[in-house]
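Same chain, two partners: chain A is paired with chain B first, then with chain C.
And now, the complex of A and B:
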C-alpha cells in the first residue's frame, strides 16, 4: 500500500519534471534513490543540499528504495516509465543492472571530475570502478556490534567472528541479515574453511549446504533483519546481544546516541556503494543526472560525506581531506573501517561471485529460512 | 389499445409495432444507465482488472526461452534427454548465434535468471558465458582479417553484402529481433542484401543481417561505415567449412569476390574449433544434459511450471514430481496461512462479540464513546499500529517488563511474543478487529431488545434466552465479519512481515518476496492465482453451508 503510494507520488513528480523542463536544457526535478537513515542524511548534507544551493530552482525528491532497486528498475523498464534519475546501489547490484542493460554505461574521464591535482577520475577511483556503469562513492563494511552490558561476567567481550556462532559462551539472540550474502561466508569461516577458499567452497552445492548447516546451529537464536536500521534498534532495545549491520549505523548508535554498544571488527566485510544512472532517461533528465553526479562525486564532496558518517570515501584523493565529525568534533579516521586498528582481519567481498551466484544461493537460503 | 393491424399486432403511435418500440425505449434507458456508470467501469477495468489479469497471465507465460534462443530451441526438439548425452554440435552452433545476439542486447541474463528458477546454476552459466562469447568469434575474426585484410573494414562488408534481392533474410531476422527485445524494430536498415550472397553464405548473411538491424535501428548508426561484430566472422568461417560453398565462392564474381577467394585459398589457416568444445571451455555445465533438459522442458511459450513450483512440484520431461524435502515450502505456507487466518478470525469473534453487544445495548452517549475507541485504531496508520505492537511485544518490551515486574515471569525466561506466529496472531487480531465489530454491531442494532424480554417472560434463563433467541439473530453479523476478517487475513502482508519472524509469515510475504527481491514474477503470479482460487472456493463453501443471503452488513 505504502510502496504503491510512493511510486505514484514519484511518477506524478516525474511527470511534473518532464513538463517543467520542456524549454530548458536540464530537468529541474530530480529523484534520488538511497537507503534512508543516517546514510541518506549524510548524502543530503554533503551532496544534495550544496547542489541545490548552487542550482537555483532544482528540487530533489528522495526515495528510500535502494534495497529493491533492481526489482523496481526492472519493473519500470517493463512499464517503459523510468521515474528515478540517480540511484544509490551496492556494487553487485550495479553489476546486475549493467548486465541487464538497465543502467547507463559511464565514461569515467568524461562524466566524472578529475582530482584536484589533475589525476583522471578513472585513476583516482582505481580498482573501485567495477563494471561499466558503477560510480563508486564509499567503502563501507558489514560488521558486528554487541551490547557491552550483556557480555557474561568473567568472559572477554567478543572479538572473533566465531563468537557469533558460540551460543554457550555468549548466550542471547543474534541479528543477521535476511539474505545469504556475508552470512554464508562467515559461517564457512567458522566451519574451518580458510579465508582464501571461501568462494571456491561456496561455488559447490556441498559448500552451500555446509554454510547453511553451520548457520542452522544458531538458527533458533537469530532475528533476521532486512533494513540497515534494524540491528542498531534491536541492540538499543537490548533485544539481541550481537548483530550485524553497516559500520556507519553502529557509529551513529555509539557516538551520536551513546548506546552501550561495542564494535567487533573481526572479519568485517568490505563492500562498495555508489551511484548508477538508469538507462532510458529523457535528454533533459539525463543532463541533470550527469550534472549532479559530476558534482557529487568530486574529491571534496566525497570527503565531505565522511564528516557525517564513518564510511571511507572511494577516491584516493579524498582520503587526506577526511577530518572531524561535523557536529561531534571527533576524529573520523579511527572510525573508518579501513583504519589499521580496525582492519586487522578483513574479508574481501567478492561482488563478481555474488553477481553470478546470487540467484542460486538466494533461492536455497530463502527455502532454508522458511522451513 | 390504439391500433390493431389485421394480423393482430399492437402498434405504437408512430406505426411501429409496440414490442419494438418498447424494446427501443428500454435499450435507450439501459444505455443511459451504462453511460452513467461508464467512468467507474472504465476506471475499474483500467486500473484494476487489466493489471491483475496481465499479472496473472505471467503465471503461465514463458516466451522468453523461445524468443531468446529461437534457433537452438528449434533444433533441441529433436534431442532426446533420456539418452543422458548432451545435444550435438548443431545445437551449440545455433546457441552461439542466438546467445551472441542476446548478449549484445543484454537479454541473455534475463533468460539465465528465468531458467535459474528451475535449474539452479543456470543464472551464473549464462552470465559468465555472455562475457566470454566475444572470444569465440575472435577465433575466426583474427585469421580472416589476416588472410583478407580488406575484411577488417565495414565498408568492404557493406559492399560485399549489398546487391539486388528481396531482403527476405533481413525481414526474418527483424522479426526475431522484435520478439527478443519486444520492440517492433521498424525502420529502414539501409541495405538490400544480395540474394546471391544470401544463398551462398547463409550463416554469414544471417549474422550480418542481425548486426545490421541492431546497429541501424537500436543504435541509429549508418551501417555502411561500421565494422560488423564477431559473430559475422564466425558465420563466414562456418559457411566456408562446406565444400559446396567453397566451390560456389570460387565461381563467384560479385563485389569483393577476390577477398572471399583469398579465404578459400587459405582454408588451412581457419580454425576447426567445434562450438561444443568452445562452450565446454567457457563452462563445463554446458555439457550437462540436465541444463539442456531444463531448456527443453521450458521451451514452449506457455508453461505449467510456475503453478507446479507453487505447490512444491517440479516439471519433468513427461510428468511432474515432488521437489526434494528441503525445498518444499509453499504447501506448508498455504496451510499455515489458512490455519492462522482461521485462528485470527476465531479470536476476533470471541473478543469482538461482547464489544459489539455492549455497543448495541449501552445508552447512546456511552455507546458513542465506545464506538470512538473502536474506530480510533481503525483510523490510525497500519504501520504505526504494527510498530506499536513491536514495542509492546518484544522481549524487553512493555508486556514482558510488566510481567517480570509483577513476578509472573522469570527475568531469564521472558515470553517470546514476537518474531513468531504468536506475534502475528496477536497483532493481526487487533488490527482486523474493527472489521468484525462493525458488522456485528450493525446487525445487533436491529435485534429488538423486546425479544429477549419476551423469551425471559416465557420462562427462559438468561443463557437460554441468549442461545435460543439472541445469538441466532446475530449470526448474519458473525458471518459478514468472519468473511471480511478471514479474506483480509489470508492476504495480509505488512504485519506478519514486521512481527512474524520466520515462522509467523504468510504466503503473501512469499509473494511479496518474489515480486520485489527474487523477481520471480511468474511464481508470484501463480501463488497469487492459487490464493485467489482458494478464497473463491472458500466463499463458495461458505455459501453452501451458511448461505450468503444470511450475511448482513447492517439493516
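And now, the complex of A and C:
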C-alpha cells in the first residue's frame, strides 16, 4: 500500500519533470504575477488565453503576489533565485524596483509594439511611461462608492469630495484606505486649499498637521481598509455609507453583483498599473517574457482588457477600440475613469512628491491613527 | 430510574416559573439586541416566560401538548417579525424554553444526581454540564455560519434578507461550482494532495527512526539531539520560513544547474522537504510517548529466536507502536496541509497550495468560494478522522483488544 503510494507519487513528479524541454530559444513555462480577483481574470481573458492559443505548448502560472512584489523580488534577488517572469505592479513600485536595479530597463521602440497607424509605442503611451522599466497597462482610479439606499431622505446623493467629510448631512461610517496617500489630498482640498496648491501645502509640517486635523473631524466615523476587497464588502453589508476603493471593484459590485451602490467620481485619483520584467532572468525565459509583453501590450490587447473590467487602457490608440462588456453587454466607455463625464475633477498620483515624502508622512499618519 | 418517580415536584411559583422567566428573558435580550432594543426584549421575555410557566404548571398541561403549543406560539410570533426565517428561529426558541420548563417542572434536573444532594450541589452539577456544553458550542458554533454562508447567492460575506427568510433565491451552489470547476482552486488542491502525503511519509519515516534511536539509553547527547529535532515546533514559523528560504534557494539552484532538473520539480522537492522538517517533531513526540510503554524484553526475545533487527522492528516493535506512528502521521499531514507561511517563502507559484490560495483569496477578493472550500475541507477531515477511528476499532476488535 505504502510502496504503491510512493511509486505513484514519484511517477507524478517524474511526469512534471518531463515538461522541461525548451521550444527553440524561449522557455515554455512562464510565471505571471498579478493581483488576483476580477483584475487578474481580465488579464487572463485578454492577454494570457489568446497568447497561449497562439503559442502551442506554453503554460502560464499565475501568482497573486503583486501586493508584496517589491519585498519578494528583493528576497529572490538576494537568494539568486528569480521565479517570476513578468510582474504586474503599480507605477510607484515599478519606480522603486527600477531604482534598485531589480527590474529590467525597457527600450520602448524595440520591446513594445507600435500603434496600428505607425505611431511609436513611446508616443502612444506618452506621459504614462514613468521611469525606465515600467510598461503601462491600465489607468485606474481610487474613488468613492456610496449606498444609494442610505442617502438621507430629501438630500442630494453625494457628488462632491467634501460630502465625505460632512457627517451632519451624510451620517454613517466611511471607509478610507489605511495610508495617507489620497486621504491627505482630499482632506486639504476640503479644508479650503486650492487644488494646485495641495502639494505645496503638504510639503510643510503645518500642512501635514492640517490634513490630519481635517481627517480627525471624521476619525471616529472611519473604518480603515487595507485590501481592495474591503470597501465593496462593507458597502454590501451596509456597514458604511460611503467608502473609497478602486473603481473597477465598485463597477463589479454595481453592475455584476447588483448592489445598491452609486459612484462618486469627484476628485478621483488616477494611478497606473503595468508590467515589469525582473532583472536576472535566463536568456530563454527573458526571450519568452519579452515576447509576451510585446503581444500583451499592443493596441488591440489593451482595448480587449476593457471588455472585462472598467479600467482605462494606457495607450491613446486603444481608447477608440473600447467596446462593450463581454458578458453584460453594456457600453464600457462611460464606466471608464477617463471618460470626460467622470473626469471633471481628477488628480494624478504624484509620484515625485510621494517618493520624497512617503516615509515621513506615513510615520505621522500611523502615529496619528494610534492616538 | 426509580429516583425519578420519587423526585418531588419543585414549587411552581417560587422556582419553576422564575427560572423559566429568567431563561426566556436571557434569550429575548439577545433577540431584542438584534433589533436594537435589548431591554424591551428582556422585559417581554421575562413576562412571557413567567406567564407561560404559570399557565402550563397551573393547568397541568401534558408535556407533548404543552411543548407543541409553545413551539407553535413562538413560531407564529417569529413569523410576524421575520417571515419564514423568523418562524424557524421562533420554533427553535420555543422548543428550548418549553423543554427547559418541563425539565424543571417534572424534577428531571435531579434525575442524574443522588437523592441526598443539596440544592447547591444539584445546581453545581447542572452548571458543570452547562459549561461543558458551552465548550462544545464555542468550538463548533464558529463553523456553522461558514457552512451557511457558503451557499450564499451573492459574492459577499453577507447574510442577505433572502437567506435569513429561507428564500431559495438567496441560496446557490455557485461557490461550489467555482471551487470544483476552476483551475484557480483545483490546481492548489492537487498541489496540496501531492505535497502533504509525500511530506507525511518522509516525516513519519524519519521521525519514527529518530524516536526509536533516541529511546536507546546508549545514545550520547540524547537530550540535545531531541531538543534540536523538536525545534521546528518551537521556533516561530516565520523565522524558520525565512531561514529555509535562504537555505533552499541555493540548493534548488544547484539542482537545476547541475542535475538539469526542471524548475517546477525542484520547487516541489523544496516544499516537500521543508514540510517534512515541520512534521518530524510531531512524529517524534507521539512515537516517543508510545515507546515509553514498550517492553524492551520483547526485542531481546525476538533476537533470541533468531530475528534480525529489521525483522524485529517490522514484526514486533512496529505493530505495537503503530497507534503513535499513525497519530504522529496525522499531525504531520495536517501540518503540511494547513501550512501557509513556509510555502509562501519556499514555494513558487507552481507549488501554490490550498492554504496559500485561501490566504491570497481572503486578502485580494473576499469571495465566498473560500467558504465553500472550507466547508468541503471540514467535511473531508471529519470523514477522514471517522474512517481512521472506525478502522482502528475494527482492527482492535479483530485482534481481540477492547477499544480504548
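Everything below uses one rule, namely that the second predicted complex is superposed on the first by the 348 of 371 C-alpha atoms of A that agree within 3 Å, B and C clash if a C-alpha of one lies under 4 Å from a C-alpha of the other, contacts with A are read in each partner's own complex, and residues count from 1 in each chain.
The criterion applied here is as follows: a contact is a pair of C-beta atoms (placed from the backbone, for glycine too) under 8 Å apart; a residue touches a chain by one contact, two chains touch by 3 or more.
Note that the structure is predicted; figures quoted are calculated from it, not measured.
Enquirer: Chain B or chain C: which reaches more residues on chain A?
Expert: C
Enquirer: Quick one: is A:38 in contact with chain B, with chain C, with both, or with neither? Answer first, second, both or neither.
Expert: Second partner only.
Enquirer: With both complexes superposed on chain A, which partner does A:357 reach: first (chain B), second (chain C), both or neither?
Expert: First partner only.
Enquirer: Tell me which partner A:70 touches in the superposition: chain B (first), chain C (second), both or neither.
Expert: first
Enquirer: For A:237, is the partner it touches chain B (first), chain C (second), both, or none of the two (neither)?
Expert: Both partners, chain B and chain C.
Enquirer: Of the two partner chains, chain B (first) and chain C (second), which one does A:83 touch, if any: first, second, both, or neither?
Expert: second
Enquirer: A:99 in the overlay: touching chain B, chain C, both, or neither? Say first, second, both or neither.
Expert: The first partner, chain B, only.
Enquirer: So chain A touches chain B in one structure and chain C in the other; where do those two contact lists coincide?
Expert: 2, 237
Enquirer: Can you name the residues of chain C that touch chain A in the complex?
Expert: Checking each residue of chain C against chain A gives 154-158, 194, 197-198, 201, 245-246, 249-250, 252-253, 260-265, 267-268, 345, 348-350, 352, 360-361, 363-367.
Enquirer: State the interface residues of chain B toward chain A in the complex, per the touch definition above.
Expert: 105-107, 109-110, 113, 116-117, 120-121, 123-124, 127-128, 130, 326-327, 329, 332-333, 382-383, 394-397, 419, 494, 501-502, 505, 510, 513, 515-519
Enquirer: Touching residues of chain A toward chain C in the complex: what are they?
Expert: Within the complex, chain A touches chain C at residues 2, 5-6, 9, 12-13, 16-20, 29, 31, 33, 35-38, 61-65, 67, 75-76, 78-81, 83-84, 227-230, 232-233, 236-237, 256-257.
Enquirer: Taking the complex as given, what residues does chain A use to touch chain B?
Expert: Against chain B, chain A makes touches at 1-2, 68, 70-72, 74, 96, 99-101, 173, 223-224, 237-239, 355-360, 362-364, 366-371.
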